[in-house]
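These are the structures in question, set out in turn.
What follows is a pair of complexes built around chain A, which joins chain B in one and chain C in the other.
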Partner chain A sequence: MEIKREESNGIVIFRVAGDIDLNTSPELKKFFDQVIKENKKKILIDLKDVSYVDSSGLATLVEILKNLRVYGGRLKLTSLSAKVRGLFEITRLDKLFDISAGEEDALSSFNEA
Partner chain B sequence: MQKTKSKKRVKDTEEREVVAEVRDLVRNFGDRIVLNGINLKVYRGETFVIMGGSGSGKSTLLRHMIGNLKPTSGRVLLFGKDITDFYGPDLDEVRKKIGMSFQSSALFDSMTVAENVSLAIREHTKLEDSVIDIMIKMKLELVGLRGFENLMPSELSGGMRKRVGLARAIAMDPQVVFYDEPTAGLDPIVAAVINKLIIDLSKKLSITSIVVTHDMKGIMTIADRIAMLYEGKVLEIGTPREIKNSRNEIVQQFIKGEHDGPIRFFQQKDDYLEHLIR
Partner chain C sequence: MVMKTTIANDSRLLKEISGKIIDILKGKGVEEGIIFDIHVGLEEALRNAMMHGNKWDPDKKVTVETEIAGAAAIICVEDEGNGFDPKILPDPTLDENLLKESGRGVYLIRHLMDEVRYENGGRRIIMTKYLDKKHF
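Up next is the complex of A and B:
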């Protein structure tokens, strides 16, 4: 799994590539623990290049969301493949996360709210 | 939530992916032949039921398929790998991809529901407790037991224990789940609930299910294909409809639950009286 970081108009974008599973979820958690320490308020995770997320990956994303909300941070997810989107739907996490179809929508919705 | 990789897929001639296979499997216990030349294939995504009477060898076959028992001869393959001679770490690695639901639920009585469900996750991963707690809630939600995390197994009904066993079986997102008599000892309604769960989990999580049972009603509800085991051999393999319409008298006696027929449980032997006074 690889994570690339960019910043655009106060929004921090993380582009994740690879699988998020039992092996890589701890790494993802550690990575975002550092980000959360920076108290970044607007975070966008691009999952375009993620082909699979298992339940440990979903739980890790929930934990990241929880920790962000503690200090009023916001998290959006974007560009989920149909398969990954299906995994969110099975677990009903599509109702918990703010999921945008594309990056532009996600970025503009940050600014609207 | 099952992972499918296009690489390493094992396809048979019908272009369906084989996830479990048994080839010419023979198992003797002393002089007794318990399994006598078993051949079968289980395809990805299907619910495959191994049915047969008590002592037909079905649980023994299941234990061979997960590597708990080693055959006298023949091979067992999981995910295209020949696991017949696998022990220790090699076997553990393959077992990470499978889940097992035991007849007795096999919960640890000294552990809470959450601790039972999370046991394998804690053992095999480096995930933090906070993440594991969320995973447990997700698994328990799937079996309708969220909120029961802190109860002890002794505080649960038989059906609830079975459901905790199912949550534990799917804890590591297995590709295949083996069920050993999932409805044994349950009343018909609870048995129906468990059967519905097996179907739901298979469909929602794209799990391949391999179920050993003699619960006829359940078999016809959950099975995509059925293998009928009799005296250590596969008598017939087919869809529920094919099995129902089988012309084999043994299959018919079994599915109709008739006491009289080719399957004999009590055999009167001529040497009975002589045996008494010997």
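Up next is the complex of A and C:
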């Protein structure tokens, strides 16, 4: 898994590539622990290049969401493949997470709210 | 074609055995979406066996038996733990469970594989996935 961090107009964007699973989830969490330390409030995760997520990966994303919510941080997910999005739908996590089809929609919705 | 392997509780071995099975399916030209479902189902079952079944005990092993016969892949994963009752697992999709960080593995297996059954007191899971769309 590779994670690239960018920041644009106060929004931290993580571009994740590869698998989010039992082996890689701890690394993803480390990146977010740092963001939480920095008290960042608008976070976008681009999952375009993520081809595989398991229940550990879903659990880590839930944990990150909960940790951000504690101080009013917001998390959006964008550009999920059909199969990865399917996992969110099966587990009803699509009701918990704010999921946008594309990055532009996600970025503009941060500014609207 | 039948493949049987016994492995230690090691997440690298989990990936290795999963990778081998996925490569065989790719080699047979199985559709990507079906491979994705098997990939997730298989790794969830292996992880459950190592983590919840064997509790990462180095003296306990996980046995994986895969049969790819015509239109179906049948994968059996068995641990050496105390077993469990899959019927008593909470539903992770209930509103009160959505924010919980665990409990989605078995649920995913049930939804991604076409047939799932447990034997040997929950120590053995047998998952079937049809490889041919005619079965859907």
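Going forward, the second predicted complex is superposed on the first by the 113 of 113 C-alpha atoms of A that agree within 3 Å, B and C clash if a C-alpha of one lies under 4 Å from a C-alpha of the other, contacts with A are read in each partner's own complex, and residues count from 1 in each chain.
As a working rule, a residue touches a chain if its C-beta (ideal position, glycine included) is under 8 Å from a C-beta of that chain, and two chains touch if they have at least 3 such contacts.
Note that this is a predicted model, so its numbers are computed, not measured.
J.: Aligned on chain A, chain B and chain C: do they clash or fit?
T.: Verdict on chain A: clash between chain B and chain C.
J.: Could you say whether A:62 touches chain B, chain C, both of them, or neither, answering first, second, both or neither?
T.: A:62 sits against chain B and chain C alike.
J.: So in the superposed three-chain picture, is A:25 touching just chain B, just chain C, both, or none of them (first/second/both/neither)?
T.: A:25 sits against chain B, while chain C stays out of touch.
J.: Identify the partner contact of A:37: answer first if only chain B is touched, second if only chain C is, both if each is, neither if none is.
T.: After superposition on chain A, A:37 lies in contact with neither partner.
J.: With both complexes overlaid on chain A, does A:96 touch chain B (first), chain C (second), both or neither?
T.: A:96 contacts chain C only, not chain B.
J.: Flag for me the stretch of chain B that overlaps chain C after superposition; candidates: 56-64, 164-172 or 254-262.
T.: The stretch that clashes with chain C is 164-172.
J.: Go through chain A and flag every residue that touches chain B in one model and chain C in the other.
T.: After superposing on chain A, chain A residues 21-23, 52, 54-56, 58-60, 62-63, 87, 90-91 contact both chain B and chain C.
J.: In their shared complex, at which residues does chain C touch chain A?
T.: Per the stated touch rule, the residues are 11-12, 14-15, 33, 36, 39-40, 43-44, 47, 92-93, 98-102, 104-105, 107-108, 111-112.
J.: Where on chain A does chain C make contact in their complex?
T.: Residues 21-23, 52, 54-56, 58-60, 62-63, 66, 83, 87, 90-93, 95-96.
J.: Going by the contact rule at the top, pick out the chain A residues touching chain B in the complex.
T.: Touch list, chain A to chain B: 19, 21-23, 25-26, 29, 52-56, 58-60, 62-63, 87, 90-91.
J.: Using the touch rule from the top, collect the residues of chain B that touch chain A in their complex.
T.: 1, 3, 121, 124-128, 130-132, 134-135, 138-139, 141, 172-173, 204-205
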